[in-house]
Structures are given as C-alpha cells and as structure tokens.
Amino acid sequence: MNNEEILSLAEQIVKSWNWTTEVSRSQPNQLDVKVLKLEELVPIVVGLRVKRLGYLSAIVGLDLGSAADQFEILYYFCEKNSAIVLRVHTPRVNASLPSLCEIIPSAEVFERELREMFGIDIVGLKTIEHLYLPEDWPDGVFPMLKDTQLPALPVQGEKV
Amino acid sequence: MNTISTLVSMLIFPGGLFLVLAGLFYQWFDRKLLAVLQNRIGPRWFQPLADTIKLLAKEEVIPNGVNPYLFIGLPLVALAGALTAALYVPVAGVAPSYGFSGDLVVVLYLLSLLTLCMGLAGANSLDRFSLVGATRTLTQLFSYEAPFLLALLGPALVAGSWQVGKITTYAVNHWLILTQPIGFIVALIGLMGKLEMPPFDAPEAHTEIVAGALTEYSGRGLAIFDLGRAVELIVGLTLVSSFYLGGVASLPWFIAKTLALLFVMIGLQSLLTRLRIDQTIGLWWRYGTLLVLVQWFFMAFA
Amino acid sequence: METTVTSKSFTVPIGPQHPALKEPGHFQFTVDGEVVTQAYVRLGYAHRGIEKAAESRNWVQDLYLLERVCGICSHIHAFAYCLAVEQLAHVEAPPRAEAIRVLVAELERIHSHFLWMGVSAHEAGFDTLFMYSWRDREKVMDILEGLTGNRVNYSANLLGGVKFDIDATQAKAIREGLDFLEERAGHYLQVLSKDAMFLQRTRGIGVMTRTEAEVLGAVGPTARASFVPRDMRLTAPYSAYRQFPVQMVLDDRGDLEARFEVRVHELFESIRLIREILNNLPSGELSVRLPRRIPAGEAMVRLEAPRGEVFYYIKSNGTDKPERLKVRTPTICNLNSVIRLAVGHQLADVPMILAGIDPCFSCNDRMVTLTDAHNEGERLMTWPQLRQHGIDFYKQVGK
Amino acid sequence: MKSLGTMFPDVTGSLFRKPATENYPEVRKAAPSQLRGLLHLKLASCTGCGLCSMDCPANAIQINMLDRKTRSFTFDYHVDRCTFCGQCLESCRQGALSMSSDEWELAALDKTPFLMRIGDTRNAGTTVAGKPENVSEEEKHS
C-alpha cells in the first residue's frame, strides 16, 4: 500500500459508517478526522485496527486555554509515511475520555500521562497510579494546564 | 622460646601479617593485570591497602533487624578461618607450621568457612539483595565444593597421604600437572569459583544484586571480609600450585608459581562472561565432577 | 528477629538507584526463588518538565532545551525540533545542511550503539567487552567533537540549517575514524555471535515474537529484531535520507542475540551511509534565516533515533513561543515489552533484558512544576525560597 | 560455530599496548580547532543590540544598558551558566562574538571568576577578551 491508498482507505472507513466526523487533508500525507462524538472514538479506532491501518504513535493532549475551555486530544495513527489523526474535544471541567487499552495495550502510558498531566478521567483505564509525577503530588494539580504556571526564568538585566 | 616462635609464625611470618599483606598485594596484581588486559591503567600498588585502611577507619553501620553479634562476629570468624587454614599450607615456600594426617580436609573446610560466613551474613540481614546473594553464595558453595575437593584429592592419592605437608614434599619431585592435567584444570576453575572470580561472580553480581550477601556491610566488617578473601586467595593459590606445579619449596618459586597461576586465572577472567547461578551448578555437576572422575579412572589404570 | 517476609516469594526492587541502571528508574520484580513472576515499572525520577518549560521559552532557546531531553541522542531531538519548526515556517534547510544533519545523526547512532553494546556487556558480566567497546566509542566521540565542537550536546543544528561546514581535513579524519570503527564493529560482531559464554546469556533469552512486538508497540532496533519492518529512515524518509537511502536491518529471532546483531549490522549501515554522504556532499548554503515569530499551525515529525522512532508534535500560535510541544521518545514504547518479557525469566537475565531495549530514562521523563506537597494546592517557589525551605526542612529533621 | 575466548586477540594485544586511558591533568591532548570554549567579545563591533542575550538558552549573557544615548553598556558573561552551544555567535549580526578553542578548563573553586563583565564603551579598548574585571562584591549582589 502506498501513502495515497492508506489515506483513501482510512477515509473510506471513516465515511462508510454513520459516524459524525469531519474529514480533511490538512497536509499531503495526513488525514485529519475530527471525531465529534466521544463515544464514537472507540469504534473508529476498532475500524482502523481491523484494517490494520497504522499503529498508535502517540496521543497528544492540548489545552486550548480558558477561553475555549476545552481539551483537544490527538490520536496519531501512523503507517508508512502517512498519519491518520483522530481529533477529540472534551470540556475542561469533568473531562473524560474512553480508554483504548482494550484495543491497543500500548496506549496505557499515553493515557496515564494524560490523566496525570491534564486531569482527564480515562474511563476504563486499569492502572491509575502516577507514571511520572511523585507519589506525594497534590491532588488536583495538573502541570500541563495552561493556567498552571512555572516559575519564570530570570529575566534579562536581573541582578544576580 | 618456643612460644615466641609459635607466636611469630602465627602472627607475623608466615601467618598473620605477612599473609594479609601478601594477600593485598595479590589482589592488586589481580586488579592491575585485569586492567592491563582491558587496556586500562588500573590501580596503583597501594590501592588495596589504602582501601582496607579506609574501611577500617570508617564507621560501621549495623542495620536494623540483624542480630548484632552475628553481624560483627561473622567477619571475624571468616578471617580467623582463613588465617588458620594458612598454618597448614606451605605459604611463602616455608614448610607448614602445623600438620597432622588428614589436615587437607580441614584446610578445605576452613576455607569454606569464609564462604559459609558470607552466606550467613547475607541471610542474617533483611535486605533483599543480601538474601538473594546469600542463597546464591551457598548454592555455589555446594556446587564447586565437591569437584574442587576431588580434584585436590588426586595428588593426595598419588602421594599416599592426606597431609598437606607430605603431599607437597612428594609434589616437589613430581609435576602432577603433567600426569593429572584434567585434575589441574578442575582445581584451577574450582579455585576461581571459590574466590568468586568472574565468571563465577553470580553471588555478588553487582548489576543484579548490588554486592550480594555483603550489601549491608560497611566499614570494619567489610574490611575484615575483604582481608579474609585476600588470605583465601593466597592459601588457594598455594594449595593448587604446590600440589600440581611441582611444589613450592622456596620463596622465589612460591612467588613465581602462584603469580603464574594467578595470571592464568586473570586471563580466563577477562575472557569469560558471568554465568547464571543455574549455569554454574550445571557446569560443576555435569562437567566438573565428571571430569575428575574420568581423571581418577585414568589414574587407576596408570 | 523480626522479618517482614510473609509469603514465599518476595519483591526485589531495582532502582531508583541501582548498579544495573545507569539512570534512575524504578522496577519491582516479584521473584519466586530466582524466577521473576511479576514486574512493575515506575518512572519520573528524571522528570524535568521539559514539555512545559518549552512553552515559556522562545523558539531558538527551545532548540537547546530539547537537545537536553537525552544525553546520548541529543542531536536527534534537535534535528526533529528543527524539522518541525521549519515545516511550520514553510522553510526548507539547504541540501548541504540536511546532509550534514544526517551525517551527525548517523555518527550519533554509531556512538549510541557502541555505548549500548558496552552497557549490556557489563550487565551480562563481560567487562572486557564493555571496556573495549567504550574505548572504541571514544573514537566516534572524538570525531563528533572535532566536527561539532562539543562532545555530548553537539548543538549542531540551527533553526534553518547547521552551524558548521565539513572541510577536507575533517572529512579525512572522519573517514579514518570510520575505517577503525568498521574494523572494530566487525570484530564485535564475531564476539557477539560466536562467543559461547556470551551466547549463553543472550541466545533464546527475552524472545519477543513479531505479533507481540506489534501489540506492545515496540519501536526501533528492538522491533526490528522481531521482524517488524519499522525504520523511519526508510518507511517515512525525511531530510537527506531521501537522497541517501539506508537499508533496513531485520532479524526474525526476536531474542537478545538478535537485538545485538541488528544493532551491530546497523553500525555497518551507518558507516556506509556516512561515507556516501562524505563522497556526495551537496554544495551550497549552510542555513537560511527563520523569522522570530513562527506562523500558527501544527507540525508532526517522526524520526529514527538510535533507539527507535521519536515523535514530535509542535503547535504554534504565531508568537515567538510554541503553544504546545509534545515529545514521545522510543523508550516509553519499548518499556512495555520489558515488563512483559521479564516475567518467567531468571532474575539474572533481567538486567540483560532491560539493557536489550537500550532504555533511556531521561528521555522518558520530562515535565514538572515545583510544588509544596504539604500545602493545599500548589505553591511556586523561587530559588532562594526553595533553598531556605531546604535548610528549614533539615533543621526540623535534625531535631 | 561457537567458540570460547573470542576477545583473546584484544586481551593479548593489550599486554603490549599502552593503556587507552588518557592521563589527563598530566598529559593534555590538544583540543580540536572546532571546540567551543570560552566566549570572547570584540567590543568595538558590539552594538549592544541584545540579540545574543535574547536567544541564549541558558541566560548566560546579560547586557546592561548604562546610557541609551551614547549606547554605553556592559556585557555580562556568566561562564557557569554557559552551555557552549554557540547560538550567540549565530545570532550576532555584527560578528562580534567568537569562541576560543583552547580555553576550556574553566572550573574554579569559587564563583567570582564566573562573572565576566566586559567593558563599558565609554572607556574601553578595541578588543577585550573575556577576562574577569574586578567586580566588587556589593555590585554583584545589588
């Protein structure tokens, strides 16, 4: 399969069902699938897996800031030179996502990371201990949120 | 007068102090040569001595949960065992200070005492690495002990005595390495096992179990165990070279032969990969023991 | 005497500080005698908050921050970042710069594989191989130092190009170094595939089938040793790999021996590639200027680091700082396999299996903020405050 | 196929070879000409624009404007923070910065030599190498 075939097959799969998605080609070798309903994420992933389209390269969490008040989660499925990106949105308050561990065991680390860095509740995730952060990390503090501030760098001209 | 000479022979020469210093020197030789074989510089000549002095000067930490008497006593017993063993062995080419028929067995068990003490020291502690190390130490003890003993009994049989002194006098005129080559190889490798040299260093494999049975030891206890090992190195080398390499009748011969033996052992050490504990046992019981028995079979017909 | 051991099996903790680990990580192996029955991993001991920190630095500063994700494969991270930023800015680095980047990346691969060979030989208790392979690694480090100016964090990249050129004398030095390294690599291949004692510790140990490798998401040489054809240089060629293709090294045995051999064969492949680049180095500029503000957009790049696929995602909002930067390093994908493979093996094999994936914990652990766990919520401390806090804390403990 | 002692040639060879270890403080190997060592500023070319300081990933460079009209400033170089990445050399449009390839033994027992304050254009010479000027204690802490 060349890249074009991979992407058109993926597009076909996504469009052939009655899923509410917006499909676009943001870049020549990338298929962008905006999944509008959270509960459809797992079926779409199953659909891709059945056709053996791509492996889960990474899950990227984005905090869209307090104005949008949403998280955007990107699931990158890569195959050869092409990538299929599933975009999911969830509100920042009570954010939750379905777990992919049942379908893709290697998703576990990414989901644990999302959980501890963004505070997204991953429904169906078995291991919920901290992966990166210390055991005594305070509850409810999620470092990757935009409003969680890091200590500022010493600015130019500051006396030492 | 007699008491003084006894004391001297036990505490200064050839036992005691001399033995410890010689052991440290041989340890340095081991480390230095291994470094040279690995294209490194290696430690300077006083390094083992400096290590020992440093350790002796340091505070000894007795961890919670151990029996303090055992914790302090075991290294002393181990060192005492090794030093006692040296009295029955022609160290430095001097005839053994003591001897009775059958002292070969005593020497071997005194040497095993060191390993046993290390095993007990590990088992005494609650540390997991020590426990795993202790299990491995004792497992390995039971695997090499029999073939090593059998390999040393070969010369004893030929000499017709189980007394180290008599075997040595016999061996001066007979290079038993020529008549009993298999026995020599097993004895050599058995000695490496006894000294826990690579490839038989599974009991203290530091990439797996840190320092094995001695993980919790620091300061004085560790230093004394280390001295015990240094003495064991000398006694072991003396035994094998006096039995198989035509005796050690004088000091120059003693130095030449033991260092040559150590050289071979270091060479092997640098070429071989550590064996897993199950592989060690397999090696000794499957090949080691069998080889010695083959040797005996030949001896019976020769 | 009290003991806390209640059942027959007990847990051996490996790490956070342990001689088998050259970096902090924590593994717990439940053993029954010598056999591992359960394994558990905990990361985060080298967590430095790089992803978060990148959001507060400008595009240029981030280049050097990301170079410090990993001490061994530092170039590949800067490389990936540069590619992503250039993609965002719709700029392409000049061909000569691309070739030099790939050349440094391949030198780094040689460095990393030699280093790994030494470490895993050490885990196996074969210190002679360890010493010799690290001695030979010095050669490639010297080459890198002579070429880039630094021994470890090479800082070869610049947004839009590279900092240095390769002249004839340097090319000659590299070629000579490569001859030596090729000969040594050939020798080590003999050692790794023939030495009976070493094979006892690698052959048939930690076998991972192709299906397992795919399900567990293994990447890089670990995956290729299980016959998963995944090498970004070939499957998704980037930068100068389009002009200078590599050959994929695959092995179908999936055990430690296969992982060793795949890596050594990759050494030969890298050496060949570097020679080819040196012979056909494109001429031209070394760099193009990038604007200080990078246009808004998203970029994703995947590169083949020495340990496997590294994934970079960068989102820009049009300012002089990135909006979000996500790094996914190869080790995190491969660690899964260690946990599964260790079960059923002897404790003595665990360090070898662990070393077999060439783990790099500092790559895994990245982001963090300073907090005070005792206060509710989060308290940010300045450095003097933190220092004072430390002094107070130990005064209290001292009482 | 299997054999024992495959490292034998290396090991025996090493008996007759010099150790690979470099005896560093006694024997110094010449550093390669590309090496990035201590930063040097050619004060005459420097305009004090601050681009280097802005791009420095380690905040090792600080430019303190003393007087905007006469463009007089001091250039503070914190050697202990410098990561020797060479970005400032690339950022500088005037080519005023360079890195020495043989000044790389920069460790010191106290922090005083780590702050190198270079010039004040009002009374500086043409080239000032990165050498510590006497910065008084109170000035540093103020």
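Read from first to last, the chains carry the letters A, B, C and D; within each, the first residue is number 1.
To be clear about the criterion, a contact is a pair of C-beta atoms (placed from the backbone, for glycine too) under 8 Å apart; a residue touches a chain by one contact, two chains touch by 3 or more.
Here the structure is a predicted model, which is why all the values come from computation and not from measurement.
Q: Show me the overlap between the contact partners of subunit B and those of subunit D.
A: C
Q: Can you tell me which chain pair comes out on top for contact count?
A: A-C
Q: Centre of all protein Cα atoms: which chain's centre is nearest to it?
A: That would be chain C.
Q: Let me have the rounded angstrom distance from the C-alpha centre of subunit A over to the C-alpha centre of subunit B, please.
A: 61
Q: Distance between subunit C and subunit D based on Cα centroids, please, to the nearest Å.
A: Each chain reduced to its C-alpha mean, subunit C and subunit D end up 27 Å apart.
Q: For subunit A versus subunit C, what separation do you get between their C-alpha means, in angstrom?
A: Once rounded, the distance between the two centres reads 23 Å.
Q: Whole-Å distance, subunit A centre to subunit D centre, using C-alpha means?
A: Once rounded, the distance between the two centres reads 42 Å.
Q: Using the touch rule from the top of the page, what residues of subunit B touch 2 or more other chains?
A: Within subunit B, residues 37-40, 270-272 contact more than one other chain.
Q: Return the residues of subunit A touching two or more other chains; collapse runs of consecutive numbers into ranges.
A: 153
Q: Hunt down the residues of subunit D that sit against at least two other chains at once, touch-wise.
A: Residue numbers touching two or more other chains: 4-7, 10-11, 20, 54.
Q: Quick check on the complex: what are the subunit B residues that touch subunit C?
A: Residues 37-40, 65-67, 126, 128-129, 131-132, 135, 198-199, 201-202, 205-210, 270-279 of subunit B touch subunit C in their complex.
Q: What residues on subunit D touch subunit B, complex-wise?
A: 4-8, 10-11, 14-15, 17, 19-21, 23
Q: Under the stated contact criterion, what part of subunit B meets subunit D in this complex?
A: 35-42, 267, 270-272
Q: Can you list the subunit C residues touching subunit A in their complex?
A: 42-44, 47, 49, 51-53, 56-57, 214-217, 235-237, 298, 300, 302, 309, 311, 313, 315, 324, 326, 328, 332-333, 335-336, 364-371, 373, 375-378, 380-383
Q: Quick check on the complex: what are the subunit A residues that touch subunit C?
A: 26, 30, 55-58, 60-63, 74, 76, 78, 80-81, 83, 85, 104-106, 108-110, 117, 129-134, 136-138, 140-141, 143-144, 148-153
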